[in-house]
Amino acid sequence: MDIVTIVQILDSTLRLATPLLFACLAGIISERAGIFDIGLEGKLLIAAFFSAAYAHYSGSAWIGLGAGVLASVVFSLFHGIASITFRGNQLISGVAINFLASGMTVVIAQSWFRQGGRTPSLTGDQRFPSLDLPGAEAVQGVPVIGQIYGEILTDHGILVYVGLLCVPLTWYVLYRTRFGLRLRAVGENPAAVDTAGVSVVRMRYAAIVIAGVLCGIGGAYLSTSLAAGFVREMSAGRGFIALAAMIFAKWRPWQGLGAVLLFGMLEAIANRFPNLDLGFITLPSQFMTALPYILTVIILAGFVGKAIPPRAGGEPYVKER
Amino acid sequence: MKLTRKFLGATAVLALTTGAALADPALIYDMGGKFDRSFNEMAFTGATRWAEETGGEFRDIELQSEAQREQAIRRFAESGYNPVVMTGFSMATPLEVVAADYPDTTFVIIDGVVDLPNVRSVIFSEQEGSYLVGLLAGMATETDNVSFVGGMDVPLIRAFACGYAQGAVAANEEVNVIVNYTGTTPAAWNDPVRGSEITAAQISQGSDVVFAAAGGTGVGVLQRAVDDGILSIGVDSNQNYLHPGQVLTSMMKRVDNAVYSAFESGPGMETGLHVMDLAAGGVGWADDEHNAELISDEMRAAVSSAQEAIAAGELAVHDYRSDSSCPISVE
Amino acid sequence: MSSKRMPKWADVLLVPILSLIIAFALSALVILAIGEDPVRAMRLMITGALGSTYGWGYTLYFTTNFLLTGLGVSIAFQARLFNIGGEGQALIGGLGVALVCLFIPWPHWSLAIIAAIAASAIFGAVWAAIPAYLQAKRGSHIVITTIMFNFIAFSLMNYMLSHVLRPPTSMDPATARFDNVLRLPRLHDILAPMGIDFSRAGPANVMLFVALLACVLAYFLMWRTRLGFEIRAFGKSEPAAHYAGISGVKIIMVAMLISGALSGMMAVNSVMGGPQRLVMNAVEGAGFIGIAVALMGRSHPIGIIAPALLFGFLFQGGSELALETTIPREMIIIIQALVIMFTGALDNMVRTPLETLFALMRRRT
Amino acid sequence: MVAEVTGGAAAKAAPAIELRGISKAFGPVQANKDINIKVNKGTIHGIIGENGAGKSTMMSILYGFYKADSGEILIDGKPTQITDSQAAISAGIGMVFQHFKLVENFTVLENVILGAEDSERLMPSLNRARKLLTELAAEYELNVDPDALIETLSVGHQQRVEILKALYREANILILDEPTGVLTPAEADHLFRILRGLKEQGKTIILITHKLREIMDVTDEVSVMRRGEMVATVNTAETSPTELAELMVGRKVLLEVEKTPAKPGEVVLSARGLKVVDEFGVERLRSIDLDIRAGEILGVAGVAGNGQSALLEALAGMAAATGEVKMNGEPLDLTLKHSDAGTRRERGVSHVHEDRHRCGLILDFMAWENIAFGYHNAPEYNKNKLLMDNHAILEDAKGKFERFDVRPPNPMLTAESFSGGNQQKIVLAREIERNPDLLLVGQPTRGVDIGAIEFIHKQLIALRDQGKAILLVSVELDEILSLSDRIVVMFDGRIMGERDPETTNAQDLGLMMAGMTGDVA
């Protein structure tokens, strides 16, 4: 594999990892607060649709982003009403949200655009512009740095950088702020938070709204930056890969970045080499596609570093003595 | 028992008469959907043209899943639509079964062959059209690298690739042809993101003209080409308008004509194998106001002489499907 | 607590029916919002799914799928295991059916169906066994592992169909058609000797009766056998089951194996009974609809029959809808989502006011 | 000495807390009925009552967990609305719950500041808390490592963190709910020293307990609750344990159960070197030697959490153990690789689990199904190899309900629709009527009404008189003293010694429960 190929794959990795990153951080925030979120996929999808639709109507990717985030937050609130207010099963609610998104996007898209469940192609300002990092041009000749900074890191849609910035931000919020302390506590022992005079319900709603916003940005990136418009089922399981990445990272943001980069790279490799010839074995692209899931099962099985979820995760909080 | 029989019998009759008036034509799109800007959309265009010209009505349906193929064909046949036209080679197997059950209905399959008396099988000489656009690509490239993004990796798509490669090399012996396919399942027809990433990879390998024969996936290919400032070539329908001035040309596969002619001829049409080649106007290249600036007179002359040679049988473009091989590797 | 506050019939019937009504009402709003007429839509669905033996043939065909996947989800639910992997188990079950039908020259369909049922059940059970084992022995969350296994199954089938099982001459990622001897008798063939004229087209076949039989057998399993007793006890209280000497590992394994086997068996219908060859995505989401069916049927083997029929109707009616209106087929996914939401996650929203109502009524009398 | 503190100026000022006419009902259950109480500033006020007397409901109302149906709360003489925990904290109330409300994988500091952080950034709060902790440690013997993770701390230390949390929030009124249930006597004494120190600083302390000794030792005043009502408030110095006990139960306590002397027979079960290590690697049982004979009740006394549960579960086949245990002379498989609770039943061991809600019953099952629970493999409950005989089980359940006076006598109801006492009777009927050689009984009368207690005690004696062996584990010393023929005391996973109930008393047992072995007979 020559250097150009590697650079290209890493370049592609960064793009493909970005929607995973947003969803993964969303999952981390939500699950750290004790709300299991298998509806990441649905939120990505609904956000992707509304972003593309409103970017098309308004001519501005930013307005599209707003619409996508709003849609994703609304879905988050459904999840909240079911699993926080009515103490329903968070997993079932998540499943329902995924189906709701899958059905709604096509039904609405068909009704609005009559193009078989897709939006018209987006052009110009309807999509996010690429951002050339300062000095990227200048360092292109320099070995290593030139390739990393001048070729891999630069010239991506602006949301790629937003995503990367969200990693330290999430870390800081979780571990260095009052909000983060309470959020983590609410996922470990909500009773402790409740008796400390902090509303568990409010904390959990705050967490899922943030998760909604992050998924919303991820979805907007999918349809208005990575692609140029919405097509049905365009999230294509990315929400679940993000879920896998979250488990892989054991619910920690920096490790989450690592996991999505790994999974993004697997996708990039599968795109580049439908049949990856390793000399002694040829791996079909299907294997690469399945690899994130296989790796996650191995992690879940606890053979390689046990993944312990937040202790109060999945359980509705019922006040008791 | 008698009552049941009467009741069920009555409803069965009802079923046959619900829906539209008898003998309206119907159209079934393959996965990828009616608005894939490509293959299926071409079929829709043909049907619409027929409807507009004749004032007739037709019914159409998009498949959401592999498993629905047989039901879709049956549904139209059962309700008395005639002829029933369908696009895509994947329809061949289910059609074989259903066509036998409805001998009074005429079926048309595009891109597939079903050997039954009530089926018209329409196939195209994609390699010939691809040769022409390959020729243009070979002349347009400045890096001596052109590329191809196929949809599902099947002999049909390899025939596109093979024709394209032959054309490109014919124009410029130095040209290197980079070939990739999106996948091995029908999902490959509808994955613009993957199409875009594959194109990005090809661009990093030096390609400056990319030909997408990948249905809906091609939208992503063309978009990436525009984003990165290289030329692209559309497929099936005329896609020049998608990005005016940036799409070199489109390899036209006149599915619209096939559908139009089937609708036009009606149930009594001549069945059997119909080959739509360059000579018959089945395939060709798009030359319009959107790409006028990109096509030099020299290019136009080269293409038209090749076109004449092929039509006259003087120039044989190798068909990958004939021996599962290609003089230029399209693996 | 719930059982004390409400009569059993209300719990079993009223709550799911009310949830269903809410789900339907919201779906009607969606239909209105996209500028269509919900009443007309409903009428079209009824004519399309139930107005002819042709429609019935498909409705019952889909019902068969949902009976088996719904039953699979139910058995796991009874052991408090959320087997979200019915889709993957059914996909792999289809592989079992295809192998049995393609590579063994059966003299008669009746032998082949037995072998196919066995093979699909084994394949489905094996696919459920790994998540089950990981849950039982390593405590890995079964919901997450079964989701992962759905995707792995999808990739595996994708590979098998495009690289291994596809006949060399075919471009379609599907197996060859099975021998005509293996064609399962359809309702047309079964009812014709009784003098009933049933549409030849509908693919509903003997598997419908197998599925119904499976429901009855599952009822006996759950309510008349020791194993059923143990599964239900484990599902209600894990520590209590341990106290009673019921092995958690055994129950998790057995319940998931049965669940996977039932989901896998669904493939006999959708592969051998339908297109008579294995195509991509032969399951068409039936594994997920099984969740809705189980939730509505309160995970009761007999209780799921009505919701399975309902979803069979929706599935068939929905495809007719797409033909006659601008409402896409995906409308039924919305209905499915709402049913799951209201009968599963928002159960308390429906239940709590009802309980209050019953309490008020009781106080008055 | 105590009375001096109570009198004088403190008593005349407005009470720290006053409840007026507080009532709270949960459905048909009246948990609190017209509660009136005054707690004076700078005192330790005990609240005593049986399980289910309404103590905890009252405290939950005070801490904003429940809203009272009627009544009024006054803090420092001012009517105060306590709508949630935040309001309680603002009113200066700190609560130490029986089950600690700590985040296990947070540090002590993080737990202390949680919910009371000074600013959006954590650092300043953490630094301030660290300083305060050092001060408090010196002042009140409240020393804990501020950076230790909660899960690494002992129970006593965790409780100190709870107190520190309250003090960090500048609580003036500290409520402790059953604080010594999980403590050793030494730890409890330490706690009481802390409480006295806090009182001297002017804090008001409410101590909820059902242990008379603690009330007598540390409180200034005591209020007694019974069946949701506040029946009396008295000066501790002016009352006696007997009087309090009477007030608690509403009649003379039946300390003695009528029974004839035991006629011990053969050894039914003998254990040597029995050890249990739990899933976290903690040694729960440290080499127990034990013999139980036919026709006797062996009582196991001890503070909760000293290995009694592990002992029961090891013998019942619920927890793996090492060592040697013989049942009727035959060894038992303790590894549980070849046996479980079911095979143990086949060997003649029946088990009334100490937690009937979690283990003893399946609350969602119908009562008749619960009758077969654990014995569902028994031949009389099965028609053949495949099918159970539900009719036979139902008939059997009807008989059992009659003999054990279960009310209502309808086995078609779900188990959860029965009262605590009747649920326990269902469990006992199931386990006793299997005619076991050995009956393991944990906390037989926990959460059971007085009438049922008597009935249950009689049943246990009757089983003993049939020549069966009974191992009785209870945290109620009275129960142990009145039922047992021999008593062993457990502490920290060990047996501290054996006593004859005729010659021992609560003090003697209490010493051993605290781990003091000076006078082993």
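Every chain is named by a letter (A, B, C and D) in the order it is written, and numbering of its residues begins at 1.
By definition in this document, a residue touches a chain if its C-beta (ideal position, glycine included) is under 8 Å from a C-beta of that chain, and two chains touch if they have at least 3 such contacts.
The chain list, named the UniProt way, goes like this: A = Sugar ABC transporter permease; B = BMP family ABC transporter substrate-binding protein; D = Heme ABC transporter ATP-binding protein.
Remember, it's a predicted structure, so these values are computed and weren't measured experimentally.
Colleague: Going by the contact definition up top, give me the pair of chains with the most C-beta pairs touching.
Modeller: Most contacting pair of chains: A-C.
Colleague: Where the CA atoms of chain B average out and where those of chain D average out, how many Å apart are those spots?
Modeller: Taking the mean C-alpha position of each chain, the two centres sit 77 Å apart.
Colleague: So what's the Cα centroid distance for chain A and chain C, whole Å?
Modeller: 30
Colleague: Quick one: chain A and chain B, Cα centre-to-centre, how many Å?
Modeller: 35
Colleague: If a residue has to touch 2 or more other chains to count, which residues of chain B qualify?
Modeller: 62, 184, in rising order.
Colleague: Specify, in ascending order, the residues of chain A that touch 2 or more different other chains.
Modeller: Answer for chain A, listing residues that touch two or more other chains: 117, 286.
Colleague: Which positions in chain C touch two or more other chains at once?
Modeller: Only 158, 162-163, 330 qualify.
Colleague: By the touch definition up top, name every chain pair that qualifies.
Modeller: Result for touching pairs of chains: A-B, A-C, A-D, B-C, C-D.
Colleague: Which of the residues in chain B end up touching chain A in this complex?
Modeller: Answer in residue numbers: 33-35, 62, 153, 180-181, 183-184, 190-194, 196-198, 200-201, 204-205, 216, 219-220, 223, 227, 242.
Colleague: Inside the complex, what are the residues of chain C that reach chain D?
Modeller: Touching chain D: residues 1, 3-4, 220, 224-226, 229-230, 232-233, 236-237, 239-240, 242-247, 359 of chain C.
Colleague: Tell me, which parts of chain C touch chain B in their complex?
Modeller: Where chain C meets chain B, its residues are 47, 51-55, 58, 158, 161-163, 170-174, 177, 194-201, 203, 270, 274-277, 279-284, 319-320, 322-323, 329-330.
Colleague: Quick check on the complex: what are the chain A residues that touch chain D?
Modeller: Per the stated touch rule, the residues are 176-182, 184-185, 188-189, 191-199, 311, 319, 321.
Colleague: Enumerate the contact residues on chain C facing chain A in the complex.
Modeller: Contact set of chain C toward chain A: 30, 33-35, 82, 84, 130, 134, 138-141, 143-145, 147-149, 151-152, 155-156, 158-159, 162-163, 288, 291, 295, 326-328, 330-338, 340-341, 344-349.
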